[in-house]
Every structure is written in structure tokens, then in C-alpha cells.
Amino acid sequence: MKSIVIGVIGADVHAVGNKIIEYTLTNAGYNVVNIGVLSTQEDFIHAAIETNAPIILVSSLYGHGEIDCRGMRAKCIESGIGDVLLYVGGNIVVGKQDFQEVRERFVKMGFNRVYPPGTPIDEALSDIRRDLGE
Amino acid sequence: MKSIVIGVIGADVHAVGNKIIEYTLTNAGYNVVNIGVLSTQEDFIHAAIETNAPIILVSSLYGHGEIDCRGMRAKCIESGIGDVLLYVGGNIVVGKQDFQEVRERFVKMGFNRVYPPGTPIDEALSDIRRDLGE
Amino acid sequence: MTTPLRNRKMSLEDFLEERKQVLSGWKTGSDPDLDLDRAVAYLRTVPDSKNFAKKLAAAKADGRTLVQPRAGVPVLEEHIKLLRHLQASGADFVPTTIDSYTRQNRYVEAENGIKESAEQHRAMLNGFPAVNHGVAGCRAVLEAIDVPVQARHGTPDARLLAEIIHAAGWTSNEGGGISYNIPYAKSVSLETTIRNWQYVDRLVGYYEDHGISINREPFGPLTGTLVPPSISNTVAICEALLAAEQGVKNITVGYGMGGNVIQDVAAIRTLLKQTEQYLHKYGYRDIVVTTVFHQWMGGFPADEAEATGLIAMSSTVAALSKATKMITKSPHESIGIPTAEANGLGVKASKFVCTLLKDQVFPDCSALNKEMAQIEREVDCLMTAVLVVGEGDLAVGVVRAFEQGLLDVPFAPSKFNAGKILPARDNDGCIRILEFGNLGFSEEIKQFHRGKIAERAAYEKRPISFQLTIDDVNAVSRGQLIGRGKEKR
Amino acid sequence: MTTPLRNRKMSLEDFLEERKQVLSGWKTGSDPDLDLDRAVAYLRTVPDSKNFAKKLAAAKADGRTLVQPRAGVPVLEEHIKLLRHLQASGADFVPTTIDSYTRQNRYVEAENGIKESAEQHRAMLNGFPAVNHGVAGCRAVLEAIDVPVQARHGTPDARLLAEIIHAAGWTSNEGGGISYNIPYAKSVSLETTIRNWQYVDRLVGYYEDHGISINREPFGPLTGTLVPPSISNTVAICEALLAAEQGVKNITVGYGMGGNVIQDVAAIRTLLKQTEQYLHKYGYRDIVVTTVFHQWMGGFPADEAEATGLIAMSSTVAALSKATKMITKSPHESIGIPTAEANGLGVKASKFVCTLLKDQVFPDCSALNKEMAQIEREVDCLMTAVLVVGEGDLAVGVVRAFEQGLLDVPFAPSKFNAGKILPARDNDGCIRILEFGNLGFSEEIKQFHRGKIAERAAYEKRPISFQLTIDDVNAVSRGQLIGRGKEKR
């Protein structure tokens, strides 16, 4: 069973989506490592190292996602998991912005996949499967 | 007491505003000659001639105002009341259009004053007073 | 026409005889697809999902409120585009609003309007001239979309229009001899329009006899302006009875939102209940009655957000009242005929609310029961007055009742309407009557209304007068329900 | 702190002692305007029209529902512009939503956020960092507008924030030791937050002692997600009692719309009734209690027209429930912090509905009475449980009740919340409980909930499971209230 690290980054306490993601991915057959809300980049990375997870799903709902996610890829590289898959979703920036631009910003920051607001986790499942070579 | 001719032009049956205009102008001290809904240009002009009214208030609500009002000034001139004041108000064109343009179109057609949707008759009263030299 | 007006089913012969003349009213009347056998054959091919009558019956069984906008533009391709957009926005039924020239049977002017609209690339008519477009044009509309289509208009003489739209597979037609006369005409007699609509209903009866379900919808809101529910409900019941006599089997009675939530729910509930009661009483037993709630029909606020607020508030009341259908407005209402986009926004907001509330009902309660009982009493009183003056004949009764002001609709343009009553709101915002003219109310009912209005006037510390009515007419577009006097604003 | 947590008014000395430390938390704490005498003097100059407490009391007397949006941007000038726009849109009160760094007392990051926002000309923070802006900045806000200002946040330790905003003339502060912990924190103990909020309330008590009315508003909706009314009402009552003990005199208890109209009206009515009852019971008699209804607090639909529909539908319910205030959402809700314009649209639509319905009330009826009685029973049961485990002390009781799961909030991030209960809707859309954990409900109450959920599951022909909860969480944003199983969709 492959492990997936999930959590909500930064000073963000939105817990509902996180619980739904845990439930859905567990049902889909993954070993879900949920580090919960108010998690730092380090929390995510440590959890991934510990459980040998090939993928990290970062949630950010509250608007500070851009600040909170900066440098995360570099930290992964430093920690020796430079090729871990990084997904991010939720309401990752402040306000209604053109999502093409937002995506580019996060891709530049080293995220492999970037989801617009309200994308239900079910819709991301096929991406996960594909990226994990399943 | 000065006479004011009011009515609703064309195949238009919107009667509510017309009744309110009658009530308001009567209260304001005018002799209101109300020819009602479904009135033709000729109906307005005859009423103005008969009552020696210096002003005609055309209402058009239903959207065909532009077609219905064309040539009205010419008909007034033909009938010998070329200098009668012509006001038009209501919802005088189809749909939400830029009102500057709409006004110009009606001014070109010979209307002295052109009112945007929902202008209550009370707001036009001061124009009437001024234009009648009161 | 020589036979006197009676509420009696037209014989097939008379109908077919009159039909020849009707079809000769405009060139499109000679289309071979107007042959009744061919029309029936075509209507048989219309799937249930596009049948208005069937979809409404199913919604009633489900306890859902379905939504339908108003919409119509002159040019065929544009009209189809518009309806497709509304369908995509969630409309359960699509309309085709007919232009005002067609409503007055002025087909030459309608023809000019189509041409000019096509040339100028903007709509010069306020609707779709269905008669000019003919059966082929109307079929093109039906075939381009996936939900049932209805004609909505305000036509005193809609005989040719009805022939064309039904032969084109449109399975519903709005209107009636009273509701498409009194608010929509000035000098057409009720006798004429009732006859015309007997024909329209007889046509539907013909189709029913041939196994084709077609819905008919009296226009409930009348002038849309402070109409007391008992008056509009009485008119709806009369038209339902007149339609049933001609063989109509699927009727949607309507009501335009008044603004007091309890009165609105009471109005829809009694409308359904009393329409069914009266139909049964007069022996029409196999008729499916549904209801339609019209979102606020009076002057709208100009601000689009406020207008949308009013639309969704109307939807909340409609859904809780369990009306079968709701006619939606758009954020452009106070300005002009909406763009497809604005119209779609109205549909979306409305549909969202109705779907959200589909499992909920306004609860039974004494305030509601009292208002229902009041409306029922008033309707019974008016119906009795109509039948008494009609010496037992409903059609005759309606004509005479309007003549004598026993039935009277506020703000109506028709000279066949007495125009003596003045409505105003009471202190809760319910629509009551201030001045009765000769309205067929009992003294007891009048006392009730007087008391209610007096209560409000006292609260506002001002005399009872037409000023209350005026203030109430203007109130909603200015963000108030009750047009309060200065003291209480 | 050495004294054990107790629900007892802080002595003036203890308060002033602690105050020194609080003010040293960030450089803006040393502003001389934070001197209490100077602050009182400034607050005396704030006109009644900008006093939150007074405006609410007047609205309650009038039976009106006033509206307030959420809003806050990092840069001062931009924030003022935003609030002015909202005021012009009709907001009766303006908010200042505080950014999430400030909420965690991370003032350094907040400072960076302000700078970066100014440089990049777009908001990099999700709110207004009031502590960083200090008394002068906050006064500039107050002075730029004509209605009362409130801070809205979610801050476990809001002591410094409270000091700054009140000294700046903001006459209301949202939050509480439970409601700004359980939904907003992960590892801050309830003991800590209750203490912190005792301080915040004691500060308000100080002002009250000096003749300054200041409103306090526990955050009613908690996680905003399927919270059964009895749970949020119990928390609100506990916080009202805790605040009253510290000398607060003007309290607004809140509730987040659930979606079933009757349950929502019942929740607001019982919230007012029981809060007043419990305050009286414990000897707090001179307190003005008002209510605030939050428009739908869960996931919103992405479509703006649908979102506006939901906003206006919420407003209809709020107005009929006679809540004193309503917190509005915007058509951008599901996407991100709204533009000023989108926020203003939400205010306009909401205000229009509330004004239109100001003379109407949801009628008394047995369905409503039943739901009210149910909520009251549940609240009494939970309150008893709290006081029993607290051995008579409310503060202690709250801490222990959460520890033991006697009080439990669904979907809360806090590890001091048991997180064992699972809510789900019944067949009418009322929020009930599926899995009780250790919730302090009597067996009789549990049976009631089980019966209601079983009814729904049977209707949907599926087992009772967490899937119901999940489907309900997602339902509204997808246009449904009840997340029906496949069989009944």
C-alpha cells in the first residue's frame, strides 16, 4: 500500500476538506498519513520521509498559500526527497484570480499539480493514479 | 390651469405608471388629459390640439418605443403644433442599452426630454415647471 | 358569430368551421402541417421529456418546484440560441414570449420588426413573432431544445397563434379569455376574448381527444400590481372551468407573488385546493391541476444585486409554497428585456433555491390557516356573485360580473373592467382592499379589509387614501414592501 | 498564571497586572493612547451612531435584521476604501476581518505581509493586521466611516488585539474562549483560551464600569459545517455567561444557518430565549442579548448567481427569524476573499431582502414549537452535563466537558475537541446526529436523533454511515441540501 501525506499548510485551520480527503484516499486504497491543519513544510517533509511516501498533497484554503508554499521544493531537495510529487489544492491564493497565472506561479515553485478552488478530491484521484504509475 | 397630455404609445398596455402620472400631475396643479394606453401619435396630437396643451408626455414601457415614436415631431409640425414640448419616458427601448445613445436617438427624433427607466414622475416635475416657464 | 356566448363545449363542426377562417388570418395559416391529422401525427413524435403536461404532472407528484423564465427575440436563430442558453442555465421549461404586435394580430408590423431586427442586429421587437415564423419556424425551435416549450403572450385573439404553436409541438399555451384581456387590452370586449379562448381551449380539447396531452395556463398575476389573491384566484378558477368545458385536461393555475409570505403561501395553497374543488363540483373530474408562482410581478429595483435578492427571496417562498412551477425574472427586470446572460442568471439563482428547498414545506399553522380561510371565503363569495349574475352560466356570469364591477382588477387598462377598487397593504404587508367599488364581497368580508387597512393607517398616523396605494405601488422598487408614510419610514 | 481557572470576575488589580504583560506583546502596545483613561475619553467621543451596542439594542427593539459583511485587507488605505464601499452598499455595521498571522500572534509575518502587499499591489494577507496597524491605524478606520466597527477574527489569544481595537473606538469584538479556539486552533488548550477571553471580556467590563457600552459576540457557527443547533447554542450560552461574569453587558449570540428553515428559525428563537434564561438564572439581569444569523457557513456553490441565490435565501430565513443582525457572504465565497464589489453585491442583495421583510415574522406553529422544544431540551441537557462535570463552575465545566467529549464539535481541528460525533441531515434537511461519541445527551434525545436518521436512510435505501455525513458536507455547493444517495438523487 502506497503512502500519501496530506495536511493543511501554514496558519490555516480549515479542517473539513482535510477530513474528506483522508476518508476518500483511504477508501481508494492508500495509506493516508494525515498531519492535519497548521502544518509546516517541515511537518510534511518529515512525514513523507518517515513513511516513504512518493507524494505529498498540500491543502491551503485560507489565502496565504502562496507565502506558505514558497521554497518547499528546495526543502524537499535538501532533505533528500527532491523527486517527491507535490500537489497543492484548495483556495490557494487570496481572492478570485486568473487561475492560469496562479497555476504557473505554483508550478514555478516546484509543484507538480495545482488545483483550482473546489476541485473535489475525487477528481484528482485519476491524476494521483497516473502519476504513481498505477 | 395648464394642460398636459399624457398617455402610453403604440401597442403598449402598461397602465400602472400612467395612473400614477395622472395622479401626481393633477396633484401638482395641472389639467391632466390622459388618453390612456394603446394610443397612437395622432391620439396624442389631437388631444394636445383640443386642450391647447403646451406639452405631451409620452410613456412607452414595452420596448417598441423607438418604432412607435418615429416621425412624431413631423406629425406635430404638420398638425400645426410644431413647438409643443415632447417628453418621453418609461422603458423606451428594448433591453438594457447605453442611455446616452438612447437619449441621442430620441433627441434626434425631436423629443425635448428623454428619461431613463424608472425615473419617477416626481423627478420630472421640476423639468416640466422650468420648461413651461413656471 | 350568431350563437350567444355560453359556457358550453363547441361542437366539432362549429370548431372546424371557425378554424377555416382562423387559418386565413395570415399567410402562414395555410401551411399544410396545420392539417389536424398531420399535426396530431407530429405531436405523437414529441417525446414525454418535451411534453409540458406530463412533466408538470410528474413534478406535482414529486412535490418539486420547477423553473421557467420568460424570453423571446424576433429572429429565429437568435431565439434558438437564447432558449439553448436558458436550458443550459437550468430552465426546466422554456418559454417563447411573443412580441406585442403579434399580440394585437398586427402581423405586418411584426414582419417589419423581424426584418429590421435582422438588419440592425438588435431586437426591434419585444418578443418572438410566432405567427410570422409559422409552423416550420416554431418546430425548429422545439427541435433545437430538450425541454417542453410554451407560448407566453397576452393576446386577446390567440386562435391562429395557438394553431401554429401546437401544430409545431409546443405543448403549452398561456392565457385565457379574462387574463389575456383585462390586463392586456383596452377595448376588446370580454365576450369576444372568452369566445376566442373557448376556441383555443377547444383546439386543446381536440388534441386531448386524439391522445395528445397539452397544458393550458391561465395568466395568474393579471396586472401584477397589488392584485388581492382572491381576485386573481377567482379569475384563475373561472378560466380553469371554461377551459375544462372545452376539453382541456391539464391546467396550471397561476398567482403573482404579493410579498407577504403567509398570504403568498395561502394563495398558492387555496388556488390549488379551490380550483380542484370547483372543477369537481362542476363535474370535471379527470383533470390534472398544477400551480405556477410568479416571482414578484410589480416594479423591480434597478440595482441588479437587489433584483437578484428579490428573485431568490421569491424563489424561497415559491419553493416552500410547493407551487409546481415558478416563472423567473432577471436582474435586468426594471430596465428592459434581459440579455440571455442576465436571464440565465435569474434562472440559476432561482433554480438553486428551489432545488435546495425541494424537501421542505411551509408548515401548517394558524396564521396560514386563517389567511387560507379568508381567501377561500372571498373566492366563494366572488364565484357565487359571478354565477348568480350569469344565471348559472359561467361565461355569461364573467362578462356581467366585470360589467357590474362585481369582479374588478386594479390598474387594468381595459374599459371593460370597472377599475373602481383600490388595493393597499395592511400592516403585515398583506394585500387588502381600501375601496371596493362594486366588488362582489359580503359586508363581513369588507369589514375585515377595512379593519386591516385602518390598523395600518393608524400605525402610520395618516388618513386612509389613494396615497397608500400609490406608496405601495412604488415601494418594492425602492426596497420596501409597505409604502410607509413619512412617520414610519 | 498560578490561580486555577474559575468562572469568576478578574479583580481589577489582577487585570491591570496582566495588562502590562499583554501590552508588551508587540511594539504597538506601548502607544500612549492605550492608557485606559485616555481610551475611555476617546470612546466617549464616539457618537451613538457608531456604537455597536446601542445600534443593536435599537434594532432589537424595532424587530429589524441589520446586515454586516466580512472584510479586511492588509493595507490601511485599501481597507478604508473597502469599508467605505461596503457602507455605501448598505452595510449597517462594518467588520474588520483580521488576517491569519495576527490570529496566531505572528506579528512579524503580518508585518512582512503588509509590506509585500503594498509592494505587489495585491493582498498577500487574508485580513487586516490590526495589531500591527496599532491604535492610530484603527482609529483612522473608525473615523473614515459612519457606522460601528467590529473586529472579526478567530484568535485564541486576542488580548492585545482587543486592547488596541477598543482603544481605537471599535465597539464590538467577536470571539470567545471556546468559539475562537475549537474551530480555529489545533493545540491551544481550552484553559488557556478561556483565560485569554476572560481578560478580553474583563476589558469590556472595565469600559462598561466607566460608562462605555461595548458589544461582545461569541462566534456562533463554530466550524460552520453541519453543527447541530443545540451544540452551537450551548457554546454560545456558555460564552455569554463567561462574558457576563466579567462585566460584559451587551452580548450578541450567533448561529450559522443549517438549511432547514424551521430548524433555523427555531435555533435563533431558542438561542435568544435560552441565553436570556440562563443569564437570569445565574443572576446577570441587566444584559442586552441580541442574535446574529450567519448566512450559510459551509461550502458555497462556485456559480455566482447560485451563490447570490443562497445569500438571498439565507436572508429570507434570517429576516423571518427576527435575528437582530445577519452576517453576509459574497458571490465569490467559494473561490476566495471577495473583491469590494462582489462583497458589496452580497450586502445589497441581503439588505434588500431584510428590509423588504422587516414587518414579517415566521409564524408560530406546531412544527416550529416542536423543534424549539427539542433544541431547548438538548441545550438543557448539555448545560447540565457541563455544570455537573465542572462541579458547579462553568469555566471548569467547559474544559472538562470538551475533554470528555460531553461537548463535541464536528470537524473541529482542535485536539482538545473529542471529534467523535458525526452529524447528518434527516429527511427534512434538519441537522441531526448519527454518531454521538460521548456527547452529553440523554438516551431519550439520542433515540430521537437515531429515529430521524434512520428515516432518511430508509428513504434513500442505504445504510447509516459516515457516507451520509460526507454527502451532506458536499451537498450545498452542488445545489442540494440533503446529500441524497444515488437512489434518490
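Letters are used for the chains, namely A, B, C and D, taken in the order the chains are written, and counting of residues starts over at 1 for each.
The criterion applied here is as follows: a residue touches a chain if its C-beta (ideal position, glycine included) is under 8 Å from a C-beta of that chain, and two chains touch if they have at least 3 such contacts.
Quick caveat, the model's predicted, so the values are computed rather than measured.
Shared contact partners of subunit A and subunit D are absent.
Between subunit A and subunit B the centroid-to-centroid distance comes to 65 Å (mean Cα coordinates, whole Å). Once the centre of each chain is set as its mean CA position, subunit B and subunit D turn out to be 54 Å apart. The distance from the centre of subunit C to the centre of subunit D, with each centre set as the mean of the Cα atoms, comes to 45 Å. Subunit B and subunit C, compared by their mean Cα positions, are separated by 30 Å. Residue positions of subunit D with contacts to 2 or more other chains are absent. The multi-chain contact residues of subunit A, meaning those touching 2 or more other chains, do not exist; every residue touches at most one other chain.
Judged by the touch criterion defined above, the protein chains link up one after another in an open path, with no loop closing it.
You'll find the chains touch as A-D, B-C, C-D.
Taken together, the subunit D residues at the contact with subunit C in this complex read 259-262, 301, 303-306, 308-313, 315-317, 320, 344-346, 348-353, 355-360, 363-368, 427-429, 476, 479-482. Across the complex, subunit B meets subunit C through its residues 10-16, 19-20, 23, 36-38, 62-64, 66-67, 91, 93-97, 117-118, 120. Against subunit A, the residues of subunit D that register as touching in their complex are 100-101, 103-104, 106, 109, 113, 116, 122-126, 154, 183-187, 223, 225, 298-299, 302, 332, 334-339, 342, 411-413, 466, 470, 473-474, 477.
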